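Structures incoming, each one as structure tokens.
What follows is a pair of complexes built around chain A, which joins chain B in one and chain C in the other.
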Partner chain A sequence: MHGRLKVRTTEQEQAIKRKEREQKVKAYKAAMGRIMKIRGNVELNDEMLILTREVLQRNPDIYTLWNIRREIFLNFKKEKSDEEMGKLVDNEVKLTENCLMNNQKSYCAWHHRGWVLDLHPEPKWTKELALCTEFLKQDERNFHCWDYLRLAAAKSGFSPLKQFELSDEKIKDNFSNYSAWHYRSKLLPLTHPDPEGNALIEPGQHSYELGQVESAAYTDPNDSSAWFYQRWLLGRDCSVAQRQPPKPLLCWLGPHKAIISFSKHSRLVPQLFVDGQTVEGEWLMESKYVWVLKHKIGSVDQIKKAEVVTEGGRLELQPSSIGLVAVVAEEGQEHNQVVMDTLKGQLKNCKLLLTLTPDCRWTYLTAVFLMQAIDIRLFHGETMEFLDKLIQLDPLRAGHYNDLRSKYVMEFKLSLMEGSFGVQESVSLSQCHLSSLYHFNQLALVREVDLSKNQLTDRSLPALGSLQMCRKLDLSHNCLVTLDSMPSLPALEWLDLSNNELTKEPGRVDKNLRNANLTALKSLSVQDNPCYGLLDLEDLLQTLSFK
Partner chain B sequence: MEEVKFIPGTHSKYFKRFLQMMPPQTQKGDTQRLMFAFFAISGLDILNALESCNAQHRQDMIEWIYSLQIQPDDDEESWSRCGFMGSCTFKLQSKESREYQHSHIAMTYTALSSLIILGDDLSRVNRPAVIRGVRALQQPDGSFCAHLGGSENDMRFIFCAAVICYTLKDWSGMDMPLVEDFIKSSLSYEGAIAQGPGLEAHGGSTYCAIAALVLMGRLSIFSDEQLDRLRNWLLMRQVAGFQGRPNKPDDTCYSFWVGATLKLLDRYQFIDKKKNREFILSTQQNLTGGFSKWPDNTSDPLHTYFGLCGLSLMSEPGLKEIDCALNMSVDAAKRLEQIQTWNS
Partner chain C sequence: MGDEFPKEYDVIVVGTGMTESILAAAASRVGKRVLHLDSNEYYGGLWASFNFEGLQQWVGDCQKPKDETECKADPQLADGESAIKMRVLNPPTATNVKEQWHVPEAVESSGDDAKKAWSQEEVKKLYRKFNIDLAPKLLYSRGALVELLISSNIARYTEFRNVTRVVTWHEGKLTPVPCSRADVFATQNITVVEKRMLMNLLQECTEYEGNPEKLKKHENQSFLDFLKDKQLTDNLIHYVLYAIAMSTEETPCIEGMSRTQKFLLSLGRYGNTPFLWPMYGSGEIPQAFCRLCAVFGGLYHLKRGAEALIVGSDNTLKAIHSDRENLKSNYLVMGLDYAPDSFLPEESPGISRGVFLIDSSILAADKEHLTLLEFPPDESSGPVTIVEVGSLTNACPQGLYMVHMTTKQKGSAEEDLMSVAKKLMNFPGETDESKPNLVWSMFFNMKDTSTCDLGANTPTNLFLTSGPDLDLDFDFAIKQAKEIFSKMYPEDEFLPRAPDPEEIILDDDDEDKQKQPEEKASEEPQE
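This part shows the complex of A and B:
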């Protein structure tokens, strides 16, 4: 659908147009009828070519008509001489050009052009490159044309290196050239691969690319394509990305229960071995990252050796004050010295750019990503400041920036706990401006969590499913409304939901609490909520403990 | 600025007129009438106006759609042509010329979806034939062509194939690993998905890829990191309404393409709903009904349909909720589920 501007016409003009259209429709129907009648009749191929040409010049998007022409050309290929073939293909190419003048984005016309040129005895693919350049001058973003350009370059026998030089030209012409960055990102790994195999692109070229991006950013900091390209260069796609299986992070074995928390979603049922024997029982996936086992072992004090086996490796559990435990420190982003230096250099440039153009959101956003990649603790304060600035400069995406804040706050807090978080008794996340919950799989063994005074909504509830050992949970002063998708929390004894927005809707909150498997719950507060007074707390608590 | 009022009644009239007769500007779409019909049918459904079309009219539409189905004949090869055509323009009588009747993958997709929305139970669909017709269109690189006679191949047709297989609950219609490979190699440096490898990331192709993966149950081919980068790119598309690519003007239909993808990736709550709604309504055509891609342009069925979908994502009163992966109302999706249970 192409935008068609509304144009006012007089009644007379409208009448004339109507008549013209009627005649066109008549002609079209007549042509189509005849086309269908004579299809397949080789003797009438010449007439067929004339008829289909007529229709296609006005309606270039009718696949079947192009297909018919292709059938005829395949016949020609068998019978005609090279010279005749050359002329026929040249004319055909001209036809597609006429159609493209009419609609530069016609899938059919571009496709047919590429197809038919292959039938030419001496196709001039390099001339096609010139054609593409012309079209791109009119509309740089015409991806049909870019696709055709790649085809033409490949058919011209251009090596990836030559194609790379082409993209270099296009970028030098105009930095704001999204498609060219694109093209480049695909070619670089082919033309300049890292000989050591440690990264996607050879380091010297990698630095050159970063330099290009810098120039682009200084020329026009508001051009997002350069920033996205930079992110790609600095990202893990450009270092050898290993798809890792989900790793077990935390494991606990106690009387009748075992818990395993993973780095990411694990679909395979884990296995627990105690003193060489498999522990039988029921394994359940209690949340996206956490598996829980109900087993029959009453006391774990006498156990000599306990081991858990998962798709991401084995863990040996050690005795601790709370039972048998295994804790694996999650590797943060490991960057070698070279990469670190690059990142630091880029951050320096960003900060310099900010002194020149202090209102560019892309610079702030990139700086935030860089800071988080370099040192979470060192840059925490500045990251928060920059996020505030981003909300000011780009209010449309305030929700997104707050979400990023929630993630970084969590990562900061975890970095402070470092190692001890696994067996930490309690964690306070009160007044942390949290609107989303990230990395809760790291809190699977924590017994008390304070999430009061944040901006949490019902959407965050499923993440709490990782808190399978939590006895005390404070969710007061948040923005919870329905408690839909409240996860199963069988260890929970104390829950504070006061000062939220829990709905008056009859039975809604009640039902969600009953479905959350809160079998150990002894204390529940729902004060200062619309639903307060409508919930029979005593009855609820009694029923829950009977389940 | 005076607030523009949403006029669902006028849009219903627009679509109903459209179903009676297509305006001359759409002559170029003659062979793809089924797709236009889908916009009107699903559009009316989302407007809660389909029931008000009389039952006979709905039945007529169902019959028309079935008349576009291509059945196989004794020739084994003919199975590859099966599916649905876009219109009767190429409906041929003689047996010899029947070998020229090819289905079009987007027409097969819109046929099945339209049938479900209209209340049909798909009992007259030749399932094995349709599936084989889809499979025949898959290319060695994993993408799909539209048409056996030859056409371009890209992400749009992967989406069509995925919906067809999902609807008929038959994934032999595609080699899934190949599709996954094509999608992965179409991920651009920007972190979003293009029509094909080496091209610019685009809101439409990103929707097609993600929705297809959701239907296939294979969103897990992307790591959390990759999905986060994608979410970031999508959220950056909001200008007031949404644009399809960086540095392009916003266009009504992207409120759906980008919006629905954000819904599927659980980040829709981060958009600015007020600005999005204002933009969509600025493209509303109050006289004729419908929506256009930009303000002060003529409305067309595609932008009308996706404009309505864009409003529905924000729970606009009077509109049905949409199933973002299937691109139809949740009601229709539930009916599909029922049909699927009856058949198993």
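This part shows the complex of A and C:
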């Protein structure tokens, strides 16, 4: 018997594979040709179903073929009895299952399954749940399956608590699972709502979730999935306020103009009532947060009652030195005492860990998030120190840490003003290491803003659109290169752009400035820029004032 | 078959233990003519697994007095040849065998009680559901055997289950040891700060070789001192030292790190622990190698041994005398339990084994676990390796668990293992509800010949192979088989990949028909 066994050489194998592939291509081309030829011919529906089935079983990602099948099924729905339809759908569901066996991540097959099951006279969605569990066993991170699970759970009335337990189980198997954490964030407000209604999640559960993140973080700090979940738990998205419509924070009514600044992006046009009458005029969104109204009222001294009505509520304006205004302090993220205790405990653990394993960037970063969630004023200094350390440890992400610092600096400054920011004459943010601008919606009524000696680049310019009352703006000693995205600032009289990197590319800055809506501008400085000397400032200012 | 039975071989292998079976497969695989004999009616020798009835038979054999009479063989000898006669019977070389029931012969069924009361009768009725290992072993998921099974394609004959938890005995009770990332994440037995410290340490152990500078510092240190230097808490030190590195307080640092590394590298390949358990018992593994040997033309004959060895004047083996025939061979591989006394090493250390049937797990949980427990050494006993298997491994019937204990022999197996057994289970009369009740137990000792020089007293072309060793895995047997193979056939590859049936072409010029031949159509092992 010895020596009888012969094994195919790799060349032989390759030749066979090549041959198989050629045959496959040939068969595919023939089938697709025929499909396109008989498309729309209702009499040939049966043949069409067979043909497309054959091709899809080999490649479930040809969405055209699924669409053709959907056309046919929509026709079936009109003509077939419930019983027939049930059988057809059952077969179709089986087809998608075969396809998914071959390719568990086929968008088309998952989608078609959900779609066609809806045509079933008695769809058995609970069976779909079992299917999802089976697929998740094979790959607990298959997000297609997680999505489909959500659909099946909704259709079958699978209790959120059961779903929550499933996510629990999957996270225990492998916590590096964005889908499972994300699924949890969607379920928590349903399964564990705060009975008091003050928070999105019941405080005890909130603490437990923070504990889960902590456990994951300490097990493998380099796995980012749990960190993202933590940001959600600590962030605004996990608050009651975030679920509410945008609230007006600042309102101002003056001659020919009104300004409303919102807590977040507001798409709906607000309304302004003066002495019971709607004020007519053109509303414009000047930045993501700020709406501006041009109206015909020349003097506001005689107005008895002015009121703003928005999707987020009503607000009455009161007389002040600069016109009629209303100022509402933005609510910060207030954590419940139970959650707060958890956060403090975790911060303590972080600091202990830093003594054990110094220089771990994740520990520093977590500490930063925790400190900001606990008390931004108390921990301001330490936050800045930790961010400096992070930039040093992890220079590749310096930009991210700089932006975080900019945000925390701004929140710190705002907290110091304790709600009086709305009526400040001027705000100085000079030498604050700002690399980007946050919360500028809260500066909509400030008249003078000093942003000199920071690290602002072109991408920060749009945020300046909130400064609708600003007359004097100092942007000197920053890193601006072009003014391509300069917003409309019709109140601005004095602008300092000196000591930036404004390009000497012929005409670029000149064009930027001429196109910008800076109609009140009287003084402009561009000294110590590459473009200095290429600009005719006088001519420029004159052109602007004529616009 | 008498007339057709070939009389000449390249290799004759006597005994179907692990090393012998690997060698038989390796020789057959590279085209050598192999005859594989075993005087028992079962495969595996001291590596075998038995059902309950088979085990009773084995116990009976062990208790027979050793028969010293020589075979009556009268082989034809050529000039200068001499015959070394073998013993008539080879009783298994296990000693101190003690089998004991701890439940009554029969109990009247007491209706639907919460916990089933087992009787001898009932256990015996289920005898087919048992696969009781003489030498229970686990495989590291990235260990030598797994790699060999894959590279040689013998894996197709084998089936495994993952060990699902690693448990340790700490502060007077059993605790699961968090050993994978998922375990560390989920455990509530240690604080988060401990979690980080543990993960840091494990990380360091996986990378220790890349840091020779650091390594020097620990050269003369014990692993325990190293762990203490890391300021690990007592909890963690216990987990790492005893359960993960499976070490003792004396283990040197580098060895501890290397053992930890071996553990960690095998994590996550097939599951949450680094270990695999052979379905149907460890006795399946030698048989898988025998099967490959047969597929490549090796001849098998159970219930047949060698009655005499025929040795030439140049101290080389010429042939064996078996069943009234002289069978010539270039090489002879022989399990140590077959070897004539004159070949045996004088002294060898021993292994103490215990097998226990209990009515629930030693650490109850909501699902059936396959458990590894390295019982730390204490005043009364050395470290004991404990494997607990349930019905999912097809090693015992549903409702029962089988506990295997293995430790280095000091006294008799019973003396060596009793104190640990008492800690884990209720003996008759004890009623601690947190512990399982003992149903049946067996103790025995066998020799550990893995450390002996086996070539000292043998003809130059005769290779003795040792029986089961103390290690958790099969690595020693593989190492020994490789060494012997390279002495016999230095030019040949050791177990190259065997083709799958679909890769085999029966008829050279008939490729397109693509018949799928029965893989071992004419090559059933002969018995």
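Note that the second predicted complex is superposed on the first by the 305 of 547 C-alpha atoms of A that agree within 3 Å, B and C clash if a C-alpha of one lies under 4 Å from a C-alpha of the other, contacts with A are read in each partner's own complex, and residues count from 1 in each chain.
In this text, contacts are C-beta pairs under 8 Å (C-beta built on N, C-alpha and C of every residue); 3 or more make two chains touch, one makes a residue touch a chain.
What you see is a predicted model, and the numbers here were worked out from it, not measured in a lab.
In the superposed pair of complexes, A:Lys172 makes contact with chain C only, with no contact to chain B. A simple residue count on chain A separates chain B from chain C, and the partner touching more is B. Of the two partner chains placed by the overlay, neither chain B nor chain C lies in contact with A:Ser430.
In the superposition on chain A, contact of A:Thr503 is made with neither chain B nor chain C. Of the two partner chains, neither chain B nor chain C is touched by A:Asn512. Contact with neither chain B nor chain C is seen for A:Ser485 once the two complexes are overlaid on the shared chain. Across the superposed pair, chain B and chain C both touch chain A at residues 1, 3-6.
Put simply, chain A touches chain B in their complex at residues 1, 3-6, 21, 24-25, 28, 32, 36, 39-40, 58-59, 61-64, 66-67, 70, 107-108, 110-111, 115, 141, 143, 146-147, 150, 176, 178-179, 181-183, 185-186, 223-225, 228-229, 231-232, 235-237, 243, 264-265, 395-400, 403, 459. Residues of chain B that touch chain A in their complex: 24-25, 27-32, 89-90, 92, 96-97, 100, 102, 104, 146-147, 149-152, 188-191, 194-200, 202, 220, 223-225, 229, 232-233, 235-236, 238, 245-248, 266-267, 269-272, 275, 292-294, 296-298, 300, 302-303. Listing the residues of chain C that touch chain A in their complex gives 31, 33, 181-182, 184-186, 191-193, 195-197, 199-200, 231, 296-297, 499, 503-506, 508, 511, 522-523.
Those residues of chain A whose C-beta lies close enough to touch chain C in the complex are 1-8, 12, 172-175, 214-221, 349, 352-353, 356-357.
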